[in-house]
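In what follows, a single structure is set out as structure tokens and then discussed.
By letter and in written order, the chains are A, B, C and D; residue numbering begins at 1 in each of them.
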Amino acid sequence: MLLLKSIVLQWLYVGLMAPFLCGVIIKTKALVVGRVGPPLFQPFYDLLKLTRKQNVYSQTTTFIFRCAPVVVLSSLLILSLFIPLISQPAPIRFAGDILMFVYLLGIGRFFLIASSFDTGFSFAGMGASREAFFSCFTEVAFFMNLIILALLAQSISLSQMIGASTPLSWPLFGPALILVVSSLFLILLAENGRIPVDDPATHLELTMIHEVMILDYSGRDLAAMLYGAMLKFLIFAGILVPLLVPVRLGQAFPDLLVFTAGLIAIAVLVGIIESIMARLRLNRVRHLLLAAFALAFFGFIVTLWSRL
Amino acid sequence: MLFAIVAVPFFSGMLMFLPFSKPVRLWFVLGAAFAHLVFCGCFWRSMPCSEFNEFLTLDPLGLIVLSIISGVFCLIAVYAIGYYVHEQRSNRTFCACLLFLLASMTLVTLCNHLGLLWVALASTTLFAAPLISFHRCPESLEATWKYLLVCSVGVALALMGTFFLAFAGHEVQTLFLSDIINGKILLSGRWLKLAVIFMSVGYGCKMGLAPMHSWKPAAYGQATGMVAALMSSVVTLCSFLAFCRIGQICAKSGLSDFYSSLLFIMGGLSLVIAPVLILGEGGLKRVLAYSSVENMGILVLGLGFGGLGVFAALFHMVNNALSKAVMFLTAGSIAQKYGSTRVSHVRGVVHAYPVTGVFLLIGLFAGTGMFPFATFHSELMVINAAIISRHYGLAALFVASLSLMFIGMTRIIFEMSQGPATAPVLAKQENFWMNVAIALPVLALVILGLWMPAPLEIMLRKAAGLLTPGVV
Amino acid sequence: MMTTWINASCILVVFLALSILASYRMAGMIHLFAAQSLVVGLVPLFLRQFSLSQNDLMIVAITIVSKSFITPNILFWAIRHVPTRAEVKPLIGIGASLLVSALLIAVAFWVAASLQLPGLSKSNLVLPCSLAAVLLGFMLLVTRTRAISQVVGYLVMENGIFLFALSLFDAMPILIEMGILLDVFVAVFIMAIVVNHINEEFSRQPMTLVRSKMGENT
Amino acid sequence: MIRFAWQVPFGEFSLKLDPLNLIFLLSIAVVTLCAGLYAGSYMRAYRGVRSLAAHAFFFSVLILSLVLVVTANHVLLFLGAWELMAVATYFLIIFHEEKNSVRRSGFLYLIATHCGTFCLLAMFFLMAQAAGSMDFDRIAATAFSPAAASVIFILALLGFGVKAGFFPLHIWLPHAHPAAPSHVSALLSGVAIKIGIYGLCRIIAIVPTLPDWCGYFLLMIGVVSGLMGVLYALGQHELKKFLAYHSVENIGIIALGLGVGLLGRTHQQPFIAALGFAGGLFHVLNHSLFKALLFFSAGAVMRKTGTGAIDQMGGVAKLMPWTSGLFLIGALSICGLPLFNGFVSEFFVYFALFQGLLLFPLKSAAFCAIGILSLALMGCLALACFTKVYGIVFLGEARNPDVVTSTRSPQDRGLDLPAGMFFPMLVLAGLCIWIGLCPWFIARLTWQAGTYLTAVNPAFISGQKIFSALGQVIAVSFGLLGIMTMVLLFQRIGSRIAALPRRETWRCGFSGFTPRLQYTAASFARSILECLKTILVFRKTGSAVLGEFPARVSLASGVHDAAEDFVFRPFYGRLRDLAKGIQKNRLRYTQVYLIYILFFLVFLIVLKFR
């Protein structure tokens, strides 16, 4: 019963927080350029509007196109249970859950790419090819970070790595942790299709990656896909925040507040980056991702060196 | 008894010159072959005593070679009956020479005197020469001439070696093998070494070992299937028997490691040259000739390893004779049907003639030592002997040359057996007698591969005991 | 006394071999070969200073008869059809082959000396001369393109070997002697038959220029 | 441990059943059964055309030899069955023998296995000589010196590597699979390749004191084979050749597992060793299941469309919904995604690698890190490969109308392939999902095999840690299924308004769209392959579009197999030219051969009398 209560609480918190973060990003982008921008809860209204809309399916699509949103959304909902809300332990925590974490992302990605082929149009194929290409780099970099965290925390469970009662001490592992955090931040940008890698707001066919794969969705399917993307942003941010917060207050509620503040800070940072930077040329993105991997690899060398 | 087994084929050979019709002569040849086989059968039961004041004796080694000779000769006789159904030429000289060849080969296995051994071997060369020039066309005559020339020079060198051997005995100049073996006379080192070198080079030419192998592709290429089968499986065995006799002498007089190093050089060379040259070949019989060169190399190497190696070499001698018979007889029937055995002319034999095609593939797998066939065991035992006697370099060479040979042979035989069937030039249907003659050795190989009959194993052990005093 | 006769015959054998190498016409080669076999045949007589046993006589007689008379006649029968009697084009000229043969004789003597083979009681000249005769026969066989001259070369080699055998042995069983003679004789006979076939087939081309298409497609 | 022996002239042949070959027997049993059923109807099309008797004969000989090889406990029996297997497989491969390419690939296959066999010959005889007997139990009892152990391991890697398809020795694999009929290539890559892995495991079991460089070497082979296999697969445009290269990748994963196991054994970490071996063996079983499934469905697709080139296909899912569903299940499990069996075995290997990372000394921890990274990259590239193939072959619109002909009418609910072919594929797909969702039975079996390989008393190693983790994984998978149904209900039932009629895909306003505009295999993989251009020998051939009225232009890009084009083909070519050279100027003068004889005689005299 305790597990059920923590799952419901987690989902409640994450479910509301995800669209809110998306609203924060859009709001910061608007404020930075002096616009008032849409209200903070605009994503909520969009999602509700979409759920009332009808689905339009093209003739060339098969059952893959219809079940892709279901798989993507449910895998991301499961993934949200892996994240410890700082002192609140994650509902799902066991040795080796990082593997489950990565491969659940994988199954979501498989159906997303397959559905983009299903529409039978070349732009979706272009997006799928870029998604498959970039995911190779991000996944390897992500695993590199997991290796470092496993070495530092001497355990292979995600909640042990980032949600432990005594956090990874910055003075002891300072240099490695800085590299891990920066590499994870780059991975966050790439995985969620933020500015340096891909422009979420653009509709120019040749430049889209994540947008183009869900171009053909409508109604509830589109709502599921958008909500999944928001969840994904929260999950990746949720991994980053506990590493940044050096201290644990002990009680559940204040830690939760700190966690929320951390999430909002990351959302604001992403918003700022999106307004000041332009999208990188596609063959330059590869170097950015290799940079993320290099940072992580350097961190790995540092941890090995310290253990020598 | 021993004299009878030599006399029967010889005199029936003489009878061949009387004006019989073609089938009668062939049945006569089959009769003589069968009589010869019966003689061998009763030799197996009871070992005969030596005759003709010590010139003819029969020891286990000789008996094994004799039984192989009569066995293969029966196959050839059966095959000839089927072959001559479509052959126009008169077979007078052919049958006569076949029987004389049988007589001289029997003499080789029986003789106890090295001079007599030389005479018998020289006569096998002479009687085999007319068999090669069967077709009277320029190429077969050239091949015969090349065969005659190289073998006569080789035999001459062997004669010189025999004389050196006799001379090595100082006062008691005897060439009786039994005297030398029982240690009656003391052989001086230097003369004996010279004699061994001359004899092994001489008999090496006759056997077709590496540097002296050049006549084999031409001779086997031109001879008809059955003559090539006879020569490759049996005639070369006689010279291998001479090698064994030299081995006995060297073992007795303590020169066995000198002799082994000689054998390693010759065997090693054949294992190197044959696989390289086979890759460039285009004709089936020429490919099989190189395979025969390589198998002779294997026999000689086995002899050199000593101990288990000798047993393996003798067992391989039996298997090699059978597998070469299968392969060359099949090549002969293909040559009769297509008029040629070149890869460019013959395709899809499996489709045109299913039985011959299957035999072709079986011959390939038997020749290269695949599982169910006995050659698999004998080749493995030779490699095992190599590793046991610590000749790792030779074992590696052995393994490498076997695989290259496998590539060379499969390349040709698969090209011929599969693919779209080319129209046979002389469209004839399969002949019963020829297929029986090929089926028998295949059956023997499979039986030997799965189960070793007890009498053969005992005889092989006794024969190996002659060569290496150690317990095998 | 006896050794001088043996030495003389050995020298004579080598000299005759040299002259065969030098001769142009095939008929001349065969006559010289007949003379050489006669000399080799006589060696057993010198060996035992005329105290010959019954079978020694028989051996001498048969050797001389078969090698000096019957074999040359067979060869003459064989070359009956060959139109050009002369050697058209030996691989290396007569002058060059003589030089090489001199060299070969030197090699034979050096080999006989360097091997220090014990027990050459009878005469120390026999081994080198027989080796020389064998090498000369080999040289003749290798450098001539005519089939008949190759046969003569092979027979000169046989004579060399026989020289060694007859001069050094006394207790050689009669049967083996006869067997060896018989084999050499049959060899010549078959070679002659094959040469006949070749002549019928090619009529004009010499032996070695035959490289036409592969007949029975090996 | 069951042992059955019978007398033979050269000794005593014996068969033995132990936890190790139980796994292989299981996979052989399942795959050969399905292959037999599949062949029943797949071959019906050839009934009149070609004699099926020979094919059936060799099929049964293959199955017999597979079982014999796996259970053989005597050197000669093992080698004999090994060669029998090679020959039987050869005759199965060249079923379509009229085609030149088929004969050549069969020939290449036979040579590769035969040369591998000769390495095995040397290895077994070295071991037999050291142990004094040909029986595996007696050989296992002898202690080998480190030098002998490393020579044996190198020969084992060469001999078994050719059969298993490790990277440099894999060249026969991509040729043999497209040539063979589908059920044969399924059997070949599902089971026959695993015999190479079985041989390697048998050597690991027999020689407990392998030197420690073997673990590192095997791990690195796994990494190289895996990565190169999947990268080459990405560049392939032919369906079966693609699946063949993918077998190389999975063999790489298995080798990775065995490598970690070996490292665990040398560092006295029995838990990691058992886990690594168990992971490798589990993947052997899983791979034989989903690879056979993929080959069967590929066969059905190629039978329907008549070609193997994926760029010609498209929209096959609408034509063959059942086959595409089964291919999807196979694709999902081969990528190692959670609900399917691929994930469970990769989970074992990952777990072993991570434990190794934490517990091993520094050098092997670094190797484990490399292993983890390469496994991750392999997973990702495999995902890219299979989305590419599934997307291009089954989804989208038909690229070439005469290849993928009419689409089915929606009401037609029947099977799109004969029942005889459909049923075995269904069984395999069911097994994949069953092992994915409740792997206890198979996991325990592989765990026993793993402990058997670590040659440590099983009582000391407790699998509790891994089985509890596995329990959690299964719980999360069922949780995922639950949430999926919940979301599905929310999506479908919740919307009261009926969906609009189906229309054209929104093409951002472009008019004049032809199906050929869709993404093709080459364009999908170009971005990935371009940045590894040098390693993969990725080349583009074709000309640019020039001039006002450009003529017909073509562009093709493909990957050339480095091992084949730069190592083996030149070697064989040079050897052939040497032989041809000697052959061409065959000496015309007979006498020159005589001079050879004289020189040889003089050489011997000088050599011996010096």
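The definition used in the following text is that a contact is a pair of C-beta atoms (placed from the backbone, for glycine too) under 8 Å apart; a residue touches a chain by one contact, two chains touch by 3 or more.
The structure presented is a predicted model; accordingly, all values stated were derived computationally and were not measured.
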item	value
Core chain by centroid distance, with centroids computed from Cα atoms only	D
Intercentroid distance (Cα basis), chain C paired with chain A, Å	100
Mean-CA-position distance for chain D and chain B (Å)	45
Centre-of-Cα separation between chain B and chain A, whole angstrom	79
Between chain C and chain D, centroid-to-centroid distance (C-alpha), Å	70
Multi-chain contact sites of chain B, meaning residues that touch two or more partners	142, 145, 149, 153, 190, 194
Per-residue multi-chain contacts in chain C, two or more chains	115, 138, 141, 150
Contacts with 2+ other chains: residues of chain A	none
Every chain pair in contact, whichever chains are involved	A-D, B-C, B-D, C-D
Chain C-touching residues of chain B, taken from the complex the two chains share	55, 113, 115-116, 118-119, 122-123, 126, 129-130, 133, 135-142, 144-145, 148-149, 152-153, 156, 159-160, 163, 166-167, 170, 173-175, 188, 190-191, 194, 217-218, 220-222, 283, 285-286, 335, 339-342, 345
Of chain C, residues touching chain B in the complex	115-119, 134, 138, 141, 147, 150, 154, 157-158, 161, 164-165, 168-173, 175-176, 179-180, 182-183, 186-187, 190-191, 193-194, 197-198, 201-202, 207, 210, 212, 214-218
Chain A-touching residues of chain D, taken from the complex the two chains share	314-315, 317-318, 321, 324, 328, 332, 335-339, 343, 346-347, 350-351, 354-355, 357-358, 362, 365-366, 369, 372-373, 376-377, 379-381, 383-384, 386-388, 390-392, 394-397, 465, 468-469, 472-473, 476, 479-480, 483-484, 486-488, 490-491, 494-495, 497-500, 502-508, 513, 515, 517-519, 523-528, 531
Partner chain C, residues of chain D touching it in the complex	588-591, 594-595, 598, 605, 609
Contact set on chain D toward chain B in their complex	8-10, 76, 79-81, 83-84, 87, 94, 97-98, 100, 103, 106-107, 110-111, 114-115, 118-119, 121-122, 125-126, 128-129, 575-576, 578-584, 587, 590-591, 593-594, 596-597, 599-601, 604-605, 607-609
